[in-house]
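One chain, chain A, appears in both complexes that follow, with chain B as partner in the first and chain C in the second.
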Partner chain A sequence: MTEYLIRRILQSVLVLFLVSVISFALMHAAPGGPLMVLLPKSGTQAAILQQEKNMGLLDPLPIQYLHWLGQLLHGNLGYTYKNHVPVGQILWPTVGNSLILMGVSWILSLLIAIPWGIYNSTRAYGLSDNISAAIGYLGFAMPAFWFGILLQEMFSLNLNWFPLSDMHSMNKQGDIGDLIWHLVLPVTVLVLGFLASYLKYSRASMLEVLHMDFVRTARAKGASEKRVIYRHALRNALIPIITVLGLDLPILVSGAVITENVFNWPGMGRLFVEMAFAREYAVLMAISLVSTVFVVIGNLVADILYAVVDPRVQLGKKGGAAA
Partner chain B sequence: MAEPLLEIRNLNTGFVTENGIVKALDGVSIRIDKGQVVCLVGESGSGKSVTSMNVMRLSDYDGGIVLEGEILFDGRDLLKLSQEEMRKIRGNRIAMIFQEPMNALNPVFTVGDQIAEALYLHKGISKEEAGKEAVKMLRMVGIPEPEIRAKQFPHELSGGMCQRVVIAMALICRPELVIADEPTTALDVTVQAQILDLLRNLKEEFNTSILLITHDMGVAAEMADRIAVMYAGTIVEEGTVEQMFTQPLHPYTVGLLNSIPGLEGARGTELYTIKGSIPSLANLPKGCRFHPRCPFATDRCRSEEPPLRDVGDGRRSACWYAEEVAEKAKTVMTTAGEGE
Partner chain C sequence: MKRVRKWLFPIATLSVAGMLVAGCGSNTSSTNNSQNTSSSSQQPKDGGTLTVSTFSDIVTVNPLFIEDDSSGDASQFIYANIYDVDRNGNVVAQPWSLADGAPQISNNGLTYTIKLKPNAKWSDGQPVTAEDVVWTIQTAMNPDTGSVLMSNFDHVKDIKALDDHTVQIDLKSVYAPFLVNLNIPALPSHILKNVPVKQLQKNAYGTDPSQTVTDGPWKWTKWVQKQYLQFDKDPNYWGPAPHIQTIVYKIYADQNTEVQALLKGDVDLDEAVPTTQLAAVQARKNITIINQPGPQFEYLGFNFQASNFPGNFDPFTSEKTRQAIAYALDRDSMVKDILKGVGNPINSPFLLPPVGWTGADDKATHYDYDVNKAKQLLQEDGWTPGPDGILQKDGHKFSFTLLYNTGNSRREQVAAVIQQELQAVGIQATPKGMDFSSLVANNLNPGKFQAVLMGQVLTPDPDVTQLFSSKDFPPNGENMFWYKDSKVDDLLEKAVSTLDKTQRAQYYQQVAEELSQNLPVVFLYQYGLPMAYSSRVHWADADKPEASLQYGYFYHIQNWWLD
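== the complex of A and B ==
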């Protein structure tokens, strides 16, 4: 187990390195640069060039990359071009904000989707199952920005029940009630998106397991239907669901770019868009690194959960979860 | 001896599908006495497994419905019981052994836990005690080092071992009736013999009745007191093992017996097969349901359906010419051996 973890962590370092190289290259391949945003339109070509030279933007890309990497290894994520603010100071609060929005939506979706999916699997094509299928289609088909705008118009502009956007009202930072009030609409948008897939996964996975021989064995043994479903079937049905959850874990921080923008939520998704327009390379690199770290952690957590749920999976052995 | 434990009377069942009810059993009657082994023999699709699922009332979960008939177990009609009441009987007084032992066990629980569960569910004893009993039971079904095996998961055991576990699970509550649905089909030949031996010994020890479902006449010969031959959802012949093997009274039984590959015949001669295939109950031929495949079919067979009737010596056959089948069979068997 320990050996397995060490190997996975070493692999992760390699993944992080590759991702950073690719992100760096792609970012610099995009036209324009930070100065086109920063300098007044009247700036002369010579002034821009001089400035770029001072900022190291004229160095060859590999040199720039190594410089960035060197700083990173010293724990320094860099500074913004504008106002020279440390990247961490901008980034970390948005990670937290995204985590709040996405975490609430995610956990809520799971609390709804797994029990409901199980219920539907035992009554396939019943009323409840059809309603959940309709929600699924809606969630898949309706773009988040469109649903978000609809909710804003209806519940904020017309009915005035919920705030239009942002995370806090003026001067109400740290007020939990106020935060929840602001969460309702964006969480609704995100939950619908999650539900679309999670309802389907949990229902399908459970439905498949319920037709397996060992379920019949459990019934033949005289187990109650409740015991058959929650003890014998559920643990088997969770195995594929865990895969999906593990893959989805990273979006908890990388944030819902679209939803955060529609609701002006100060999360990492919105930060990414802003910083991309401003060509704040250091911030963008930091965001891509944080996202990658979560992808790696998500996969690792999923693999470990596999081993917890399924005795056939033994971490670190050939044919195990790592394969 | 002649005390009936299970009596299935004129059982008609089917399944509800999108296209209406599909019939599965068409007037099945079987009787199993206490301590008796009855084999239900027939090819795939003849309704053997459906019969067992109906007795267990497990078909309820697969859209099964009972159209007519009764299943008397120890005098009580199982078909009139609620699932709640059935649950107290299942695994306790009637237990089941399944075809694919690897799939019949839950992959995420230890085999010890799975065996103990039946005991824990029915006898109201603690999990620890049930666990100890499970280990004893594992030893009884011939698993070495049962203390260690009990803590293992199904994937750590071989197919034969898994079937022993399934048998242990079925027998731990000392049921009066065990339904074994093709218990050896998924196992290789040497293991098959061991499992059959085990079943026979345990049957003697606990005086259990067994309803053994198989498509293999060899297995039936080995195990059964009586044999009931099923074809297209109904019983076509019934009698003791000796009667069936020495003098079959239904052409289908003759065909089944001829289909057992022997060691005597010259190699290279084609194996005997019953031509054609089993009809679905939605599409039964007029007259005798076996007549399209029967070498002796007459006009009467093509128009009138023969009932399952007593033909003496406690035997039943559903053939108009039951009394003449043996005589006719001899000629067919010899010509089949030469001609094909």
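== the complex of A and C ==
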């Protein structure tokens, strides 16, 4: 297990390095630059050239990359080009904000979807199953911005029950109750989106397992229905669900740009889009790095969880599910 | 309406497809229907928080490096300008300007002597001195700084402090627009003079509120990046004290989110309401809309460098052809349908009154929408319809690519209209949207395109040398059209070389005549988005916002007050 983890982490470092080289090259290949996004006034061309010099944008790309990498190894994500603000100062708060919004939505969705999906698998095509199917259709079909605007219209502008947007009221920065109050509407939007897929996954994967021979065997040897479902069927049904969750983990930090936009949530999804338009390379690099780290972690956590729920999976051994 | 139970509205809203049509929200219970322009009974009141919305964060408030609107907005609250511009486009010393009265200009027009107010102070208590002004201008002029203000001072030969409160500036030649260039703040030299100029842009001055010493009515107290900036009344402020205690400059995801917040009452001032949302905002009694075009105009620009066209054939070289295009475009309908009435068709690159003082647009040729006239001119110019209906001349099709920037729905729509209307006279225009920075870097800066739909901001000084003079070709100038007309060159030169305003106005009238005949670009309209204010915000008539000045949505904001 330890050996496996070390190998995986070393692989991950390589992945991170490659991703950073490729994203660095790609974003510099896009035309324009951080200082060129505005139509220059007369005579400002010279000024912009000088600014590029002063801000280190005229160095050859490999040098700029090595410079960036060198700083990174010292734990420094670099500075924005336009105003020399430390990237971390911009990035980390948005990562945290996205994590709050997405984390709450995600956990809430799992708490609803998994038990409900299991329940529905035992009573397929019953009322509860049909309701969950309807929610699934709605969640898949309704664009997040649309649902978000509807909720705002109804519960904020008209009923005035919830705030329209933002994380905090201006005069209550940092207040937990205020934060929860602000979370209600965006979380509703995101939960609907998550539920749509998670309900289907958990129901389908349970249904599949429930028809397998070992379940019949369990029943035949006289295990109670409860034991059959939670002890025998569930553990097997969880494997595909874990795969999906592992793949979804990175969105916890990468955020949901559309929902963040509608509710003016200062998260990383919005930051990424804004910084891409502004060609703030250092921030973009940091975002791609953080996202990649979470992709890697997501996969790793999924692999470890396979072993936890299914004792047949032995990490690092031949024939294990680790590949 | 007010009596109807609130819960009915969500249902009504759902049924009309959720657009922003909810005319009556909880806010309508307020009976306040005042239209901001203060009734005489209302006295200015101190205190309160004004929330201003925007859709992008600032970069830096250091005036040497301000290039974006948000940073410019923020700097309006915290700096005093050397001179200010009034509603009629005059450069004047206001009670809140650093200058004490108009400059003394020597008889030869070359030496400006400027007296500064002796009581002006920085937020750290130090006096604002002539040394600060001299340092600011010298630093802006220094090419190593990389300041965008550098070109403001191209004509400056020498600048020095005569005493603590007197600055003398010598110009190389008489240059009338110079005075407008002094509509800038000064920087605190006692804080910055030891920073090497190449390091200034990286300095925390301008990005760290605690290190940004300023001299305006408010001081910058807080920056939560990507969320909001806060400005509080500066206890050290030397000028007439502002009424509003705190200004919050709040960053929203986009213009639509801003409007939602305005409707909700979270925001008091929205500088630019998208026209698609105008009806929803107008339906609110507690929001006042100021519906005048801003200081910018849009144009259809042609390229006069043949190498940009296949076979080196530039279809735009003839004046008659360009006039035909002007006749073929229905600008009135564009203003009515796409701009929702917030715009004026213009015929020259000059501001209309009150800010514009040249009267130039009156002298310009006006092209009414007239398809037959357009067809006739094209025919006279030697264009004949080809087999596919597209005009041809010497075996070349009249076909070109029209560039514009994506993400700007107004330009997207106007580009499509231009395509249709030119199609009707046999010209094939293919609109192509591009990401703005790519467009600027690859096409506009080097002057490589066939035709472009773009906008331009007009300053209170009417000089347009940088746009239309052949001295300003790319890569250094902004005449990306490669337009050359010696008559225009000559008039533009003369117009900046005299300080006599009447004389200048006459020159610009002639420029307008020439440009509107010659049409290096087809002038479309002066445009802008409506400004919206909550009814909490009050001002006297003289202090009301002025749409066609840059930052005019904050015009005389220090005199405004809140309920």
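The rule is simple: the second predicted complex is superposed on the first by the 315 of 323 C-alpha atoms of A that agree within 3 Å, B and C clash if a C-alpha of one lies under 4 Å from a C-alpha of the other, contacts with A are read in each partner's own complex, and residues count from 1 in each chain.
As a working rule, a contact is a pair of C-beta atoms (placed from the backbone, for glycine too) under 8 Å apart; a residue touches a chain by one contact, two chains touch by 3 or more.
Note that the coordinates shown come from a computational prediction; the quantities given were computed from them, not determined experimentally.
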Chain B versus chain C on the shared chain A, clash or fit? fit
With the two complexes superposed on chain A, say which partner A:Arg216 touches: chain B (first), chain C (second), both, or neither. first
Partner chain(s) touched by A:Pro311 [first = chain B, second = chain C, both, neither]: first
Specify the angle subtended at the CA centre of chain A by the CA centres of chain B and chain C, expressed in degrees to the nearest 10. 150
Which superposed partner A:Ser224 touches (first chain B, second chain C, both, neither): first
Between chain B (first) and chain C (second), which does A:Arg235 come into contact with in this model arrangement: first, second, both, or neither? first
Is A:Leu164 touching anything from chain B or chain C once the two structures are fitted on A? First, second, both or neither. second
Among the partners chain B and chain C, which is in contact with a greater number of residues of chain A? C
Tell me the contact category for A:Thr2 with respect to chain B and chain C: first, second, both or neither. neither
Superposed on chain A, how close does chain B come to chain C by Cα atoms? Whole Å, please. 39
Common ground on chain A, meaning residues reached by chain C in one complex and by chain B in the other: none
Residues of chain A defined as touching chain B within the complex: 212-214, 216-225, 227, 232, 235-236, 309-312
Chain A contact footprint on chain B (complex, rising order): 56, 58, 61, 83, 87-92, 95-96, 98, 100, 103-109, 117-118, 121-122, 153, 155, 166, 169
Given the complex, residues on chain A that touch chain C span 30-33, 36-51, 53-55, 79, 82-85, 89-90, 93-94, 146, 149-150, 152-160, 164-167, 170, 173, 260-262, 264, 266, 270-271, 274, 277, 279
Over in the complex, which chain C residues touch chain A? Could you list them? 6-7, 9-10, 13-14, 18, 20, 22, 25-26, 49, 51, 56-57, 59-60, 65, 67-68, 143-148, 150-151, 154, 198-199, 201-203, 206-207, 224-228, 248, 250, 252-254, 257, 260-261, 263-264, 266, 435-438, 440-442, 444-445, 454, 465-466, 472, 475-478
